[in-house]
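I have placed the structure first, in the form of structure tokens, so that the comments after it can refer back to it.
Labels A, B, C and D are assigned to the chains in the order they are written; within every chain, residues are numbered from 1.
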Amino acid sequence: MMTADISVSARATTMSSDDIKSDMNGERQAPMQVIVDLCVVPLGVGVSVSEYVAACQRVIEASGLGYRMHAYGTNIEGPWDAVMAVVKACHERVHAMGAPRITTTLKLGTRTDREQSMDDKVASVETRLRASDPGASEA
Amino acid sequence: MMTADISVSARATTMSSDDIKSDMNGERQAPMQVIVDLCVVPLGVGVSVSEYVAACQRVIEASGLGYRMHAYGTNIEGPWDAVMAVVKACHERVHAMGAPRITTTLKLGTRTDREQSMDDKVASVETRLRASDPGASEA
Amino acid sequence: MMTADISVSARATTMSSDDIKSDMNGERQAPMQVIVDLCVVPLGVGVSVSEYVAACQRVIEASGLGYRMHAYGTNIEGPWDAVMAVVKACHERVHAMGAPRITTTLKLGTRTDREQSMDDKVASVETRLRASDPGASEA
Amino acid sequence: MMTADISVSARATTMSSDDIKSDMNGERQAPMQVIVDLCVVPLGVGVSVSEYVAACQRVIEASGLGYRMHAYGTNIEGPWDAVMAVVKACHERVHAMGAPRITTTLKLGTRTDREQSMDDKVASVETRLRASDPGASEA
């Protein structure tokens, strides 16, 4: 278990630095950032899957990336290659635990117009909700 | 806006009561419960979609169903028909706001072996994480 | 099995006719059309799920809606309520077959700017591919 | 356009060979195969997205991987890293075409119990449908 954790975060680090490219003027460009929503479902292991979901949470935690679990998946944010290394490591871990088959659903959001974190996305909607709430008392 | 909110919750109520069926012995069965993860994406309205996401949050709130927003969607739980009425109402609302096209991603979880809420799902994973945390100090 | 098939298509018919609304000028409006991509995954039934997928195909076929299966789901098109009745009927059927838990992934596309079928969507991309193919010999 | 195509297939090749590992007995292990369903949605580019979908089809075609487009996405199969390089290349291409924001839905299926292609999956369901079809005349 430890081995896999270490290898994930090592790979993640390597990939982030690999991912820094130079544009046509020779300037370094930041790697493409992504926010994903990851839901890993093991098949052939019975009806309870929380043991496998918990194992994925440890893989994600070990990567050092920002993440937040919800009731139907986990949001993860960071450089594309680092996040994708975590998704692959989750599949490898869950297979290593004995699951013969996995089906995963992944949403991936990227944008080039501006930086936006998971917290920014939620705050942006919450600000709109407060601003337009007919029961709110703002001046 | 109010009209649509009222119609959603009215429909939801009608559908939940419709949904109570009798089994072969004449006993009333509870309607099928579902936990969904809903992500509504309007197209053709520019790059910022938070106004539309906020409108969906108000539709969901007005339904009276349990829900929790995250950075890449919203978990909603309740009777199948009531939850699906909310999904449809979100599409209707977002089109009514002027979005000519919508693409939505929806995960839907149902189970017949036992009841399980959104909170139960998260708690189940967190319990496992605490139990197996090598750094935890429980005896 | 037959009973369920019949009840699905009956419900679908009822819902489509229910779904025809009148707009503010008293004119009848067509119901909202949707194209979905449905992937139903039973849990707790072992590693092979083709028996359950086949059962869902029969539910879809019995509905009379347009559909096309691919290697990771099935596209279905039609009025929103008819399509959603089929999705619900798939969950009910798969539970009735003994699966204690189901996780489904559903993409839903609606548009108000024009009608567009599954075939139109594929043709639209294929036309572009032919038009811009550097190796194509079109006149 | 050509540059990107070339770079994708180069990367895919590198990664597939990288991905061949040795197990504890020093035997070479095949890389983890995956079947995905990819649906890339550009935001902020208006209501028609077929130009961007067509560009992704060219990226996928250039990779040499097996794929099949349907009305709500494209199935792709191959070694995990090669397939994921294509997904990343689609995001890069669509951003390079001017889309400021992308939201993608990806399903990923892996299994260790046996090899299974996209064609196998469809055939497996079709065999079951024929076998149990009440109208079929096979003995």
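Criterion: contacts are C-beta pairs under 8 Å (C-beta built on N, C-alpha and C of every residue); 3 or more make two chains touch, one makes a residue touch a chain.
It should be emphasised that the depicted structure is a prediction, and the values quoted were computed from it without experimental measurement.
Participant: In this assembly, which chains make contact with chain C and also with chain D?
Facilitator: Chains in contact with chain C as well as chain D: A, B.
Participant: Counting C-beta pairs in contact, which comes out ahead: A-C or A-D?
Facilitator: Pair with more contacting C-beta pairs, A-D versus A-C: A-D.
Participant: Distance-wise, how many Å sit between the C-alpha centres of chain A and chain D, to the nearest whole number?
Facilitator: 20
Participant: Using CA atom averages as chain centres, what separation in Å is found between chain A and chain C?
Facilitator: Averaging C-alpha atoms per chain gives centres 29 Å apart.
Participant: What positions in chain B touch 2 or more of the other chains?
Facilitator: Residues 39, 44, 47, 100-101, 103, 105, 107, 109, 111, 113 of chain B each touch two or more of the other chains.
Participant: With touch defined as at the start, can you tell me which chain C residues reach chain A in the complex?
Facilitator: 41, 43-44, 46-47, 49, 100-101, 103, 105
Participant: Across the complex, what residues on chain D touch chain A?
Facilitator: Listed in rising order, the residues are 32, 44, 80-81, 84, 87-88, 91-92, 95, 100-113.
Participant: Within their complex, state which residues of chain D touch chain C.
Facilitator: Within the complex, chain D touches chain C at residues 35-37, 39, 47, 50-51, 53-54, 57-58, 68-73, 75, 77, 105, 107, 109, 111, 113, 118-119, 121-122, 124-125, 128-129, 132.
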